[in-house]
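Both complexes shown next keep chain A, but they swap its partner, so chain B is in the first and chain C is in the second.
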Partner chain A sequence: MPMLFAICYWLEHTSIGTAVRESTWLFPTIETIHIFGIILLVGSTSILDLRLLGWAFREDSVSKLARRYLPWTWAGFVIQVATGFLLFSSEATKMYDNPSFQIKMLLIVLAGVNAFVFHMLAYRKVATWDDAPVAPLSARCAGCFSILLWFGIVAAGRWIAFI
Partner chain B sequence: MHDFGEWLEHISWVTTIANTAWLYTSISVVHYFTLLVMVGSIVLLDLRVLGVAARRRPLTQLAEELFPWMWTAFGLAIFSGFLEFTTDAGDYLPDKVFRVKMTVIFLAVMSAIVVQRGVPKWGQLPAIPTSAKVIAFVSILLWIGSILAGVEIAALSGLG
Partner chain C sequence: MISKLLTLAGLLMVSLPTFAHHGFARYDTAKLITVKGTVTDFQFSNPHVEVDFIVKDDKGNVKRWAGQGSSPNMLARAGWNKNVLKQGDEITVSGHPAKSGANIMLLKNLTLSNGRELTPQAQW
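For the complex of A and B:
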């Protein structure tokens, strides 16, 4: 049995995994928190992404928006990882085989890479383009990829239930 | 009522949606995005009324920005939700969890209207009245309830 599958199997049979799976109210409640976490996480990243694209919030400097909203992005991310892990543990072996779940995880990694690259490159020099309504090309690309990736992650997440 | 549900299910475009997996799933994804925008908008405004979020923005200005998004998303959520509903109308109509969801959404929308009508008055006062904060708090609870009821349909009734 592959190692990863064995871990999923073990996770499913922990008391937490079992509790979430067998309770009629625990899974839906955690799922509801996960949905509100989406609003927090994707809402805050979208605000920044729209600013990078120059489509909204142009009266605010990029660094001001980043300072104001990235803490919420991190808070949302923590909530999503925690609730997501609980949901995952209740049906880990099913998720192991689910292509929509796999795509979702891959897109999350790509979203992280995109954010990292943006912070290492364009954002390092943000002082030079902070107030410009039109950001440098690499910043606009980062904003575009970010929106596409996060919307893709939400769609893939919803799609999981249908496979 | 059961006959009405069955009749809906057998309309030609409804059976097409029901039998085309990617189409049904896409409609479900659209429903998801629209409810995220709708609930996000109204809950953010309610949190502003409560004085917990977006305190730098004047209440009336925030409301003016958010309500168009909220109601547009609501219209799309109703539309996409209706399409999902028709594919299994005969089973949804008598379902208790579905009925609870519709009731909670109705109450949540009523609370949103109360907030929308109250904001112009509240924004003009030196401080937002306690009654307004109670309404905003109840509104948040109702929208949380509507999402919980939505996910419970699949969990308890196996529908959707």
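For the complex of A and C:
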């Protein structure tokens, strides 16, 4: 673990980490973009999640929604990783033992695993249930987990500052 | 390089009385205390500026303190920058102490030994 802390310490003292930490405008600007990024990421992925749950967009096929919105989800993800990394670099040693940050990272990994499992299993056979208003159980579960996990990620992210 | 970092990391892990982050609610704003101390570290950092200092009492006991300020952006408008304080500076600090009794405070006013006064009050 101290190795990980050493990496955090190193990162925090790179010119990038220092610039973000000591800036008057960079930090709040990156934070603002980070919020727009989460709108893009969670908004687009929630469309698919709600469709999988059968709560919305039932008249559209699942594959059509996935084709249309997954690129936006990925764009949001790239923005989040980039801006999140910059924010992290500015206060890495504080994040190292921040429980809310740790929970957030864990939930992001779980959201990734959930999406991966969905694409490997249920979505492989999407042709057989593409237009069904209610998706198969495993797909509904994936949609449900996704919404709950992203809810948790946003909440944990916000709580980093208050714990 | 790595071993140096590890040593440094070890030292830092047993560090100062400090605050995680935001949360001005932890301070008792009805109380204002003033102490004299010596700066041990000054971080002009987002999201909150921090001044670490030591205070000696009459018996020579040394206590570590940490003072929390607002953001670099607000303090910059009040005339602060990352060079306004340095290790070893003698300061008189006023602030709202933590409700918990920990040696941390919300900075209200900071005066250097040369008379220069630093306030967290941003000017537009």
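The criterion applied here is as follows: the second predicted complex is superposed on the first by the 162 of 163 C-alpha atoms of A that agree within 3 Å, B and C clash if a C-alpha of one lies under 4 Å from a C-alpha of the other, contacts with A are read in each partner's own complex, and residues count from 1 in each chain.
Quick note on the criterion: contacts are C-beta pairs under 8 Å (C-beta built on N, C-alpha and C of every residue); 3 or more make two chains touch, one makes a residue touch a chain.
Just so it is clear, the structure is predicted and the values come from calculations on it, not from any experiment.
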Touched partner set for A:91, first chain B, second chain C, both or neither: second
Touching partner for A:36 - first (chain B), second (chain C), both, neither: first
Which superposed partner A:27 touches (first chain B, second chain C, both, neither): both
First, second, both or neither for A:6, with chain B first and chain C second: second
Partner chain(s) touched by A:162 [first = chain B, second = chain C, both, neither]: both
Which of chain B and chain C A:133 touches, first, second, both or neither: neither
On chain A, the residue positions that both chain B and chain C contact, one per complex: 24, 27-28, 161-162
Touch list for chain C against partner chain A, complex: 2, 5-6, 8-10, 12-13, 20-23, 43-47, 71-73, 76, 82
In the complex with chain C, residue positions of chain A that touch it: 2-3, 5-6, 9-10, 20-25, 27-28, 90-91, 93-94, 98, 160-163
In the complex with chain A, residue positions of chain B that touch it: 21, 24-25, 28-29, 32-33, 36, 39-40, 43, 144, 147-148, 151-152, 154-156
Chain B-facing residues of chain A, complex: 24, 27-29, 31-32, 35-36, 38-39, 42-43, 151, 154-155, 158-159, 161-162
